[in-house]
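Just below sit the structures, each encoded as structure tokens.
Presented sequentially are two complexes of chain A, the first with chain B as partner and the second with chain C.
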Partner chain A sequence: MEKQVIYKVAKEFTPTPGVRSPKEGNFSGEEFLSKHLYPKMVQAIEEKFTLVIDLDGTAGYATSFLEAAFGGLIRGCEADGLKAIDLNVAKKHLKLISHDDPYLEEEIEEYMQEAAVPA
Partner chain B sequence: MIRKIIIAGASIFLLLVIILGFIWHSKYFKTERDINVVDLATFGLTLFLAWYVPNILEKKATGTRFEKEMLIRHIERLRDSFGVIQNIVNQATLPLMMTPEQGLQINSVLADLSRSLTQFNKLIEVCGYKELEADKELLVRKRIGYKQKVTGGQFQQQNFGYNSVQAASIATTYSEIEMTCSLIIIKINRY
Partner chain C sequence: MKGKRQKAVLHQQKRSKKEAKRKLKRKNWLAKRLLMGLPKRPSFAAYIVKAPQVLSFINEPELLLDFFENLRLVCKPKRYVLLDLEDVTSISNDALLLLLTKLQNRNFLKGANILGSRPKCPKTREILENSGFFGIVNHKFDTGTNPIPVSNFMLAQRKHSKKVQPELAQAVIHEATKHLYGKVCEQPGAFRVIEEFMANTCWHANPNEPATERWWLTGFQGPLKDGFKTWCFALVDNGVGILESIELKGWLSAMDWLGFSKTNILENLLNGKVESRTGLKNRGKGLPSMKREFNRKRIFNLHIITNNVYANLAKNVYLTLNIPFSGTFVYFELISQSNGKTSDL
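Our next item is the complex of A and B:
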């Protein structure tokens, strides 16, 4: 079994995730992507471990935050120097935990799938 | 103590047998010595119904009624929670703006709804209402659609308020959710 590294959003980022982009407010999805999710994901792929994102313990996640973070992970962002990550590779190294909102995993997967489809 | 109870019981039984014996041979009562098959069958059926109705049928009916009421209450609570969000949306439609607390409340209620739907799924599984599976799935999809409309775009941005087009679209989805909840309640009632 692959090694697992757990990242707890409420503890390591914020208990109150916010908007889509940093210019709209604090603790945005894009900030979470560029400073936390993306670097950890790249590390997980390179070092061949599973990144476990624990989504519990926050005040909840808005669609805009989730789409920017997890959709952005697959899409990448040239302006921020983030290369797109293949959906299957990301899914292989990413595991989500969400007991507070059991349908969150399904929702996030949907954003990742949508981001993988070229516009 | 037990011995006394047995003696008392036996005495009462003996007394009853004596009384029945008197009645049997009394000139005031006419007794038949033949056994009518139809009467015997009726007697048997009466005994069976006297046992079956309170012990099986009524217990089953009470159990089913309890389950129905529980499922209906669950759906009503779900509908009320959607109502809480819709209320906030109405209060945050331009020119009115959403407060940060209202934004957090929406996120929190949406997470509660997600948990409630998982619980509902478990309840229908335990109660054997497999036919409600598709309705529950419809409600799950509608919650996600509603969430995307309510918390998408510039949601939680400073001075955020829904414009009239967004508000109308959210209201439409909300009324669809209300309708779905009502239809599920009717369906449960008809079981």
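Our next item is the complex of A and C:
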């Protein structure tokens, strides 16, 4: 079994996630992607471990936050120097935990799938 | 030299205070005179706008919009306008929130001085007095950083900002859950709707420039429903409205051009069938997510009013309003019977 590294959003990022971009307010999905999720994901792929994102313990998540973070992970962002990550590779090294909100995993999966389809 | 300057500043401050006092005195004098039915001095161009008996944006949107339209039409620079509220028998918190936002909107008032009379109905008068309404209309007020004093009225709080404030969204939800469940807990559905509204105001209230319009939020205790406690949330912005900020394409654009009702457009927007004006597939998910939370029964009694469309999702009713509302209004409730909670703190 692959090694697992747990990242708790409420503890390591914020208990009150914001929306898409920093222009709109604090704790945005783009900020979460570039400073936390993306570097950790790259590390997980390089060092061959599973990154476990624990989504519990927050006030909730706006759709734009989830889309910017998890959709952005697959899409990449040239402006921020983030290269696109293949959906299957990301899925192999990413595990989500969400006991508080039963809909989150399904939504994130949807955003990642959508981002994998070229516009 | 320094002493002289200080003296001049002090003198100026003294004069400003005197001027403010004089203006307040004149406003109060005029309000009294108008209420007593005495003829106003010819030098005063004062206008009276009568409010309807029932002020509720959810139940009587057109009455309230008609009242605002009458007010808007008479507002001119330096003109005195009296809001005749004497016959108002009920005022809901959502209507009060909207009224207060209008009275602090410089573009709406165009420099008019607004006065307000007290309702005869003691309960309504008490609500208005506790809300700080008379502090705004009958006094010189500052429309700067904190226009509304954050005061409690009917267990309600009003907040405003131009940016998304997640901590604030969480705080108002905690206030609600304390009332509903007797403890602080999270409500991811309500949190999402509030954040989506704030973000919507940030981008859509003025599509050319983000974060130029202010959103307003209030949460208050609602009436018991079948023995269950309720908590209501009302959010409003006075921007251009959702339907004016989107770019329609295809058959929706044709329908709009032909003058068909815009109810279809809002319905399609909520169903996620209207593309974002950015043209990006990953955008435009905010409004559909509000409906989704309603369908998941994590929020209740969702109402959306924007431009000339009134939507009551609880009854699946979409109506065209004769008087448009420039801005966006969202109302929803949390009910103690449904525990859409996630984690207790």
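Keep in mind that, in the parts below, the second predicted complex is superposed on the first by the 119 of 119 C-alpha atoms of A that agree within 3 Å, B and C clash if a C-alpha of one lies under 4 Å from a C-alpha of the other, contacts with A are read in each partner's own complex, and residues count from 1 in each chain.
Operating definition for what follows: a residue touches a chain if its C-beta (ideal position, glycine included) is under 8 Å from a C-beta of that chain, and two chains touch if they have at least 3 such contacts.
All of these numbers come straight from a predicted model, not from anything done at the bench.
Asks: Looking at the overlay on chain A, is there a clash between chain B and chain C, or do the two fit?
Replies: Clash - chain B and chain C, as placed by superposing on chain A, overlap.
Asks: Does the superposition put A:A115 against chain B (first), chain C (second), both, or neither?
Replies: second
Asks: Looking at A:D54, would you say it contacts chain B, chain C, both, or neither? Reply first, second, both or neither.
Replies: In the superposed model, A:D54 contacts neither chain B nor chain C.
Asks: Should A:G18 be classified as contacting the first partner (chain B), the second (chain C), both, or neither?
Replies: Both partners.
Asks: Which chain, chain B or chain C, ends up touching more residues of chain A in the combined arrangement?
Replies: Chain A has more residues touched by C than by the other partner.
Asks: Could you say whether A:E31 touches chain B, chain C, both of them, or neither, answering first, second, both or neither?
Replies: It touches nothing on chain B or chain C.
Asks: Indicate the residue numbers of chain A shared between its chain B interface and its chain C interface, in ascending order.
Replies: The answer is residues 16, 18-20, 24-25, 59-64, 67, 100-101, 103 of chain A.
Asks: Under the touch definition given earlier, write down the residues of chain B that touch chain A in their complex.
Replies: For this pair, the touching residues of chain B are 103-104, 106-108, 110-111, 114-115, 117-118, 140, 143-144, 147-148, 150-158.
Asks: Inside the complex, what are the residues of chain C that reach chain A?
Replies: The touching residues are 163-167, 169-170, 173, 186-192, 195-196, 198-199, 202-203, 210-211, 280-282, 285-286, 289, 296, 342-343.
Asks: Touching residues of chain A toward chain B in the complex: what are they?
Replies: Of all residues in chain A, those touching chain B are 16, 18-20, 24-25, 59-64, 67, 100-104, 106-107, 110.
Asks: Looking at the complex, which residues from chain A come into contact with chain C?
Replies: Touch list, chain A to chain C: 14-20, 23-27, 56-65, 67, 71, 75, 100-101, 103, 111, 114-115, 119.
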